[in-house]
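Quick heads-up: structures coming right below.
Each of the two complexes below includes chain A, the first together with chain B, the second together with chain C.
What follows is the complex of A and B.
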């Protein structure tokens, strides 16, 4: 569980990036943090594994204040995947790259081998095991970065812009992968601009603006709230756009799920056929 | 990264900022040569003090002090090495003269750092490129040089992100003995180098697709011209060089050693 209490954060140049944030993230939550560029999203998530410590206020991870412990100790429970995989790849082979963190955390060799095999298999990277990560494509490098964090099986996974540079198939894989983590009761926190991806995943959405949280709720309410969307310059998902225009027919405007949408339209069509 | 902070240019106006970069560079080189001419601490302290009016006139004390603080580690290292080698080669004994010598070497390094820091703090990369070009250096070289200078802060920021990314994977930079600590930096350096190379390739492609180098003869909107302040600096530079060379050639043996007073 992560508890954030009235956190402020300023960078060295006296610009306040976070202006009083309070939040509770329960075990097993799936959260999407959205908002404009410069809203403070990345600054905020860097507090979860202690990379940044609040200027004032407290962040508790599993009831331990982040100021009282090290990044390495926090990272054991909170895995953080950076936006750009090139900021972390350095090993000669994909296998070594994935084993890097496991070695840092002091796992024994048998466990390391087992975890690496599992993580590579999970993200369909097994055929690249002995290849240099620098030879892989952008999307594959991103998956190696993800595997290298997933390998130590952290309770909480923080993903910064996971869908950038991924084709549709990879996004679908990513979605299924997150759902799988959900069944294992893992907490997943992702920062994203990808409205359609959020609509498909249907997580709890936290909307940030100008260093503050302006909304916190289920995706379907927030992604169809005109005022909030305009304030954060977010375009509503396509399904919601259609349903906003269909509201004169009596269809609910806060629809973002494709299956739900299909059922409602079919029901409506049957009703009007009967009349 | 504080050393980089001390080299980062920030746009502002002062008599020093307005000086011709070519003259400023000649002045820095003159200080450089002067610092190499002496190993005694007294003349080096004087050279250090000569820099101070420039720092205050340019109103860059804060950043300048930061570069000094950033260089403190290296300065300490130079001092330690000097003390140790003297200690080692003098059959494990140390005199006041040895200590002064080591201090002199350290001071020489500090003088070099502060003079270059003032130069980079007060000269914009654009001006620098202009200066190189108008000193008849081929444009390709001038451009490469200014780009390199411009990318230093970008790389410093990138290094910070990479450090964060590796720390998030349990890397502890401050752990282990000295050898282990050096090895700890491999996961930082490799991504940094790879991304620098990748960035330069991308930059080259982007420039070529915008017809870089299509026109052989380039003209400039701004031309560098010498003003009153520049002539004053030329005077100071000449005076500094003549004085130091004169002192070095004819008065060298008269330079007092502080250690003689003990």
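What follows is the complex of A and C.
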């Protein structure tokens, strides 16, 4: 569990990036943090593994204040995948990269081998096992960074823009993986601009603006709230864009799921044929 | 008139066991808005790198076939000479920024074109305004966000006013509204000034509506090419792993259940909603 109590954070230049944030994240929560560039999203999530410590206020991870422990100790519980994979890749081969943290955490060699094989296979990286991560495409490097974190199986996974550079199939894999994690009561926190991905995953959405949380609720309500969307530079997902125009038919504007959309339209079509 | 003509291109990176581009022929006409898509690793980024000669001049490797861009044979030209004709914006903005300020990064390419100071000032301001980063002009490109950096790289290319702009997932770090604004700017330049645009994107939800020439690649080859409405309603496209726009997908799902709202495959939410309202309004009358 992560508890955030009235956190403020300022970078050295006295510009306040977080302006009083309070939030409780329960075990097994799946959260999307959204908001425009510069809203403080990345600054905020860096508090979950102690990379940043609050200027004032407290962040508790499993009831321990992040100021009372080390990043290394927090990392075992909170795995981080950054926006730009190049900031966290450094090994000579993909395989070494994925094994690196496992070695640091002191796993035995058999476990390391098994976890590395599993993570590479899971993220369709097995064919690149022996080559340098820097020869891979941006989307592939992002998957290497994700594999290296998944390998040590942290309780909480923090993903900064996980869908950037990923194609349709990889996004679907990621979605299914997050759903699997849900069944194991793992916590997943992602920062994302990808409204279509959020509409497909249907997580709890936390909307940030100017260093504050301006909304916290279910995806289908937040992603169809005109005022919130406008304040956060977010465009409705495409299904919601369609339903925003279907009010003459009496269909609900807060629709983001494609299968729900299909059923409602078919029902409406049958009704109109009967008349 | 064609601005890019590629014949039987096969290209293998140094040390790679199989070609990244495996027998591609492609003709792009002046003024087209071309959208290239396909799963990760399909060869679309490699193909873009041939348009200004980065492949093979910088990346080396084995290349056969012919690449003609703006009437120049790539094999005989240096990459910096091609920069006048072709502007490239890559996925990762950090790799493209190096100057001390945003403004200097945007001006950098122009300094090498030998144009007057006033013209340079005009073009830099124009590009900064168009991409919405005029207020950031004196900041260091390394202290701004990933999304802002992406706008700097786009501004730097726009300032050069090339005949051809190639953008490889140019807005991936931007929030959705900013991304849409950038696409609108690029689309406007395409429509009003006839600049040829080649855009690489996974997110067809955002971009399918701009194109009249869709290219779908898989495993180094072009597997579909042409009118996006014809291609995106083809079922094989989902098997390749191309994420078709939700409006198009909803249209296909309804059609599969026996409710065909239009002869024309919709590419955007507006098209879908208008078609549906029309059909159901007719039913009521």
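In this text, the second predicted complex is superposed on the first by the 275 of 275 C-alpha atoms of A that agree within 3 Å, B and C clash if a C-alpha of one lies under 4 Å from a C-alpha of the other, contacts with A are read in each partner's own complex, and residues count from 1 in each chain.
Keep in mind that, in the parts below, a contact is a pair of C-beta atoms (placed from the backbone, for glycine too) under 8 Å apart; a residue touches a chain by one contact, two chains touch by 3 or more.
What you see is a predicted model; the values in this text were computed from it and never measured.
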{"item": "First (chain B), second (chain C), both or neither touched by A:257", "value": "neither"}
{"item": "First (chain B), second (chain C), both or neither touched by A:86", "value": "both"}
{"item": "Between chain B and chain C, more extensive residue contact with chain A", "value": "C"}
{"item": "Which superposed partner A:104 touches (first chain B, second chain C, both, neither)", "value": "first"}
{"item": "First (chain B), second (chain C), both or neither touched by A:138", "value": "second"}
{"item": "Which of chain B and chain C A:96 touches, first, second, both or neither", "value": "neither"}
{"item": "Partner chain(s) touched by A:49 [first = chain B, second = chain C, both, neither]", "value": "first"}
{"item": "Contacts of A:231 with chain B and chain C, given as first, second, both or neither", "value": "neither"}
{"item": "Touched partner set for A:216, first chain B, second chain C, both or neither", "value": "neither"}
{"item": "Contact residues of chain A, present in both the chain B and the chain C interface", "value": "84, 86"}
{"item": "Partner chain C, residues of chain A touching it in the complex", "value": "35-38, 83-84, 86, 135, 137-140, 161, 164-171, 193, 195-196, 232-235, 237-239, 241-242, 245-246, 248-249, 258-259, 261-262, 265-266, 268-269, 272-273, 275"}
{"item": "Chain A partner contacts - residues on chain C that touch it in the complex", "value": "13, 38-41, 45, 91-92, 94, 145-148, 169, 172-180, 202-203, 205, 241-243, 245-247, 249-250, 253-254, 257, 259, 268-270, 272-274, 276-277, 279-280, 283-284"}
{"item": "Residue numbers on chain A that touch chain B, as the complex places them", "value": "46, 49, 51, 70-72, 75-76, 79-80, 82, 84, 86-90, 100-101, 104-105, 134, 148-149, 152"}
{"item": "Interface residues, chain B side, partner chain A - complex", "value": "158, 161-162, 164-172, 186-187, 190-191, 194-195, 198"}
